[in-house]
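Common to both upcoming complexes is subunit A, partnered first by subunit B, then by subunit C.
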Partner chain A sequence: MRQSIVRGWWSALGAVGLTEPRWRALPPGRRRAIKTATWLAILLVLIALFGVWKIAALAIAAVVALLVVPAWNRIPGGKFVLPVAVLGIFICYPWYVGWMPQLPIFGPFPQLSTVVVMLIFSMMALGLNFVVGYAGLLDLGYVAFYAMGAYMAGWFASNQFANQHLDLGAVGLFQGWSGYHITIWLLLPMAGVATAVIGILIGLPTLRLRGDYLAIVTLGFGEIMPQIARNGDNLFGTGFNLTNGTGGITPIDGPGFGNWAQTHLHLPANYLNAQNFDSLYLWTAIGLVAITVFCSMRLRDSRLGRAWIAIREDETAAAAMGIPLMRTKTWAYATGAFFGGVAGAYYASYKSGAFPDDFFFNISVFILCMVILGGMGNIWGVIFGACFLAYLDREGLSNVGAWFNNHFHTNLNVPLYEFGIYGVIIVIVMLFRPEGLIPSQRRAAELHEGVHDEPLYEAETAGA
Partner chain B sequence: MPDALLETRQLRKEFGGLVANNDVDFTVPRGAIVSLIGPNGAGKTTFFNMLTGVYKPTAGDVYFDGERMTNKPPHAYTQRGIGRTFQNIRLFQNMTALENVLVGMHVRLSGNLFQAILRTPGVRREESEARDRARELLEFCGLRRKDQVIGRNLSYGDQRRLEVARALATQPKLLLLDEPTAGMNPQETAEFTTFVGTLREQHEYSVLLIEHDMRVVMGVSDRVTVLDYGEKIAEGPPEAIQKDERVIEAYLGAAAVSHS
Partner chain C sequence: MPLVASLLVLGLFAWLIVNFLKGPAYFTNIAFIGLTNGAVYALVALGYTLVYGILELINFAHGDVFMLGGLLSATMIDAVFGVTTKSSTGFLILAIVCTMGVAMLACGVLNATIERVAYRPLRGAPRLAPLITAIGMSFILEDVAIGWKGPGYTALPNVLPKGSVFSVGGVTYTWEKLIVIMITAPVLFALVYLVQSTRQGKAMRATAQDRDAAAMMGINVNRTISFTFLIAGGLAGAGGLVYALYFGQLRYDSGFQLGLIAFTAAVLGGIGNLPGAVLGALIIGFIQAFNEGLQWHSPGSDWTESIVFSILILILVFRPEGLLGERTPEGG
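This part shows the complex of A and B:
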């Protein structure tokens, strides 16, 4: 199908005198210039259609900036330009979001609370990317780690255990509190470590399996976790209330730096009481995602990262090169679990609750979709995929649905079809761009050899 | 055998009712080049896979460098010093030549997860040294200036060379080459034969070779072992093997006639 569309594309262009060989023969600089001009032309047409000048200017600036990116790599320190710019755009978001105009079709820019959720999902997707993108292990039960992180926050930052009494730097405690209250700053790494341990425990028996079998077993674990959460109010009939059952654990403490830090350092004492509640959560989430990205990059370029990629490419050869398969895969699993756990704990703190209904199988698939859509193995791709799908989930679909209903005089409840729409997106991505929207170069090569059975006679042109 | 680097005792492999290797006793002396030959389906590759831990033997033992290796996982064999190539090339196709070699060095490097995240000075030094050594190895194997080429884009001969470079990167005491000249033209084969000779002279590797090409086997080996239907039918210096009647009958027959 992809082949026929590509062929149709070139025959259409060939009709106006631009055949594929002729295009390929052009010098790369000129090819890029033509591409830029084409995109600009398309954008101008869009502007004319929708009449939104402000956005158009921004979009043109973005496209031009992106197309100039390759040249930045040649400037010393230039590789930091793009990440710093992206970071700046996110950090300043609370200040300019009110100024931003309406987008065509998608409506207003996402609210702050949506952006926080987008970032939390980015972190989870980056965690899953260690397992799926780097080590090539299909994990359909990633939600188990998210749940573990959330319940860690539930256990150690709420009144859940009534006959315990421990306060470790927590903020915003009410009179008559009970249970464990550990400050979120300590709780986040604790949740990560606890989840990583769970990851290792799940991984040790399951990671011996290959491919489909591993996927099925992880699917099982992904189902077990929410069931434990749901039925954990009377654990094994002992009457011990671990998870508070379907009611979930709520409220959960917010992060904060305490009164001393507020007076002396002007840091917020308690996020939950602050005026700019969402902005604080947003900036903290940016910090967490930045740490995750940093770890992803460092690990990718390390001895361990090479071993992961080697296992993904050829397990037998990797073992013959002296890579201990079990241990290396378990590290990937534990690392992925760690970030899933941290993200889960942070999300629980943000929502001020851990509820068993949040941890169903569809969340595993949702996170996996983010990784696939953005581009397995590519950090920026995964972040993009996560932000986009989380945005659709929270706001985008209802906005698009409203636009659709207004223009076509229908009365559809578009968000109801959420997972159907994601399914269609994934099918389209796998058919036309199996490597994801922003692929890692390596992964692109791999998937194109695997997904499409290219006819033999095209083998010569495929590499050109 | 006084100084055996690799030794198998009564090594046996059965697949269901099929006996792929029938109680094979076999040794590779330190510093020797030993060839394993036999007709198709004689059990050479099965034997090879048992020597690298890919298959678990049904019975019998493998000793390497004085240590019993039976039933250890493949990476333990590499750790102790057995490096191998594959009959059908198994490079990491989407990694660069340099990265392929670096993966081969995995067992000789020590940086762990936390050191990698913090990029400690130790890891930094180790990585840059590893890169230098990898480039040297690539050059030694005739892949100069190909270090940034993706594995799948290398020519067939270069892929074979890269596999050897990757195996050498594990710093083996014994190098196992599974039909390394398969698919090579006569000139490449001749070059490769010289190259295997260099390996021993310059680097004191021992080599175990599975090979079909008799010119390679006879030109380079100190000892030849012949397998037929999973059994060892002859063992000795190349000249003696060429004259052994059971071998001629089982395997060399046509080849011996055509080459003489």
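This part shows the complex of A and C:
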């Protein structure tokens, strides 16, 4: 199927004189330039015809061309050009978002608050990527870690435990506060560690199970956790209010650096009171994602990361080579849980609340879908998948739905079908491109060759 | 570890006995509810177990096939046949039998189609690939239901007779519960006959044991797998009808929750094992009914799912082969 599409593509191009051998013979720089120019031209024409044209579209095209076309890797230090530029583009987003053109179908560029959520979900997806992408363990209950992180923020940065009184550098406390208030900067790693401990506790008895059994057990934990959150306002009839039930824990303190830092260093005292509230959260989220990406890369290439990949590819062979299966898998679980917990705590602080309705099974699948769509095991793919799906969830789907209804004079409530759309994405990706949109080469080879022997009865069709 | 497990089971029995002594009649009534729930779960759990037995695939979409079967049955009985509470018994039976045929056929075909479209191309892929696809299919089917019926509950008038079959010393057994058993039992017996005593059933068992060897013995493996999905879907359709009749309302996400519970039942009984699935379903049905109905120290319906999933986790940790399953070298 895929081969026939490729063949058709080349025969169409051959009709205008560009055959595959001629294309392959071009120098790589020129090939990149032609490809980029073609895509940008298509995009600009689409924006001009169906979007709202602004001169900024040309500027974006110029920046993209400048980043993609030259062979930056050739010059010394050049490998840092692309990451630094991307980081800069993200950091400057608050200043230029107002000038961006409207895209066809998708409408305006995402708002700041959406970008914050996109980045938080990137972090969660990167966390899940440790488990699913690197170690090859299917985790269907990742939302439990997210919930754990969020409730850690709820317990230790709000008035939840009214008869306690502890302040550890928290900002923005009101008169007559009670409960634990630990500064978010300390709370983020705390939430991560607590969630990692939960991950280890869940993992130790269950990780010796086979792949699909493990998926079911994690799904079970993912269902139990929100139920505890929902019913935790009166745990086992003792009257102890752990989670404040369906109301959730709110408000939760915001991050901040306190008054001293504001007067002396011009750092914001309290994000929640700041004028550029969303920008501050955005920059912090970029920092967190950058840390996660750094850890992902370093861990992937470490001894532990190579052990994960070995287990993913062949558990028996890995064990024979002396990799301790249980310990290695548990570490994957704990690492994934750590980042899920940090992201959950940060999200709770951004939303100023931890609500049990945020922790349904759907969210686990949502995050899994990000990892699969982007490309299991590839950091940039996962970030792309997370940003794209989180954007669809917050703004994209309603924009696309509005466009669809306007053009086809229908009256569909597209966001209602959100998860069906994700389902279609999952199925199509698994059937036609199981390695995701931006695959990791190693994973792609594994998925296409298959780790199992070719079944006999399909031998004649499999070769085609 | 076995000590902990034994203590848990002992505690469970102690709790049941105390509850029984506090009100034997009440306890028995609750047990009847559990039996009825268990019968519905059994129909769905068998579908999971059949598919797992032959493909080693947890068919996440199964619960949603069941839910679509329920919605179809509700529509048939309510809108097509126009059954009301005042309809005569003969007409009610006719309507139920016709609906059952249509629902079983439709769900069977749907399930087989899903297998053909979404699972078969992934036969050679790593095991997690079809599992992930199944989750995607499950979401697609839920949205089909939303598109068809909207996100709200689809209600069905309470057409089953409510009168009691017998009533002894405070223990009453109502007709609606008996009807559920009367629909479920023949389906189960037909399934057992099909799997144990027919040529096609033999092919199914052979394929489940060793797919390659079965292919070499001249069994058309792909057709056998399709047939298994057809049967599993038919069971889900029957389950959907029973659910719609007995509980009276369902919506797009009813199938997912119930599917997970039924899957737990299948694992509890020993996945791939048909009598095990029925046993597990009955146990889960009883546990749910006791948890929600009993009054002495019961956690209540808020915790039903947590309890069911805790059982699932405990079973998988302590005895992954289930109650009736055989211990396999890979089982743990």
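In the analysis below, the second predicted complex is superposed on the first by the 379 of 464 C-alpha atoms of A that agree within 3 Å, B and C clash if a C-alpha of one lies under 4 Å from a C-alpha of the other, contacts with A are read in each partner's own complex, and residues count from 1 in each chain.
Everything below uses one rule, namely that a residue touches a chain if its C-beta (ideal position, glycine included) is under 8 Å from a C-beta of that chain, and two chains touch if they have at least 3 such contacts.
Here the structure is a predicted model, which is why all the values come from computation and not from measurement.
Taken together in the superposed arrangement on subunit A, subunit B and subunit C fit without clashing. If you count the residues of subunit A touched by subunit B and by subunit C, you find the higher number for C.
By the document's definition of touching, neither partner reaches A:Leu119: not subunit B, not subunit C.
Once the two complexes are overlaid on the shared chain, A:Met321 sits against subunit B while remaining clear of subunit C.
Within the superposed three-chain model, A:Ala345 lies out of touch with both subunit B and subunit C [touch as defined at top]. Legend: residue contacts after superposition of the two complexes on their common chain; A:Met148 is shown touching neither subunit B nor subunit C. With chain A as the common frame, subunit A serves as the apex of an angle whose CA-centre rays point to subunit B and subunit C; its value is 80 degrees, to a multiple of 10. By the touch criterion defined above, A:Gly220 lies against subunit C but remains apart from subunit B after alignment on the C-alpha atoms of chain A.
After superposing both complexes on chain A, the closest C-alpha pair between subunit B and subunit C lies 9 Å apart. Contacts of subunit A with subunit B, set against its contacts with subunit C after fitting on chain A, overlap at residues 446.
Listing the residues of subunit C that touch subunit A in their complex gives 56-58, 118, 121-133, 135-140, 142-144, 146-147, 151, 211-212, 215-216, 221-222, 256, 260, 263, 267, 299, 302-303, 305-306, 309-310, 312-313, 316-317, 320, 330, 332. By the touch criterion given at the top, residues 136, 138, 140, 205-206, 208-213, 215-217, 219-221, 223-224, 227-228, 230-231, 236, 361, 365, 368, 372, 416-417, 419-427, 430-431, 434, 446-447, 450-452, 454-458, 462 of subunit A touch subunit C in their complex. Considering their complex, residues 294-295, 298-299, 302-307, 309-310, 313-314, 316-325, 331, 335, 442-443, 445-446, 449, 463 of subunit A touch subunit B. For subunit B in complex with subunit A, the touching residues are 52-54, 73-75, 78-79, 84, 86, 90-95, 99, 102-104, 106-107, 109, 111-113, 116-119, 123, 127, 150, 152-153, 166, 170.
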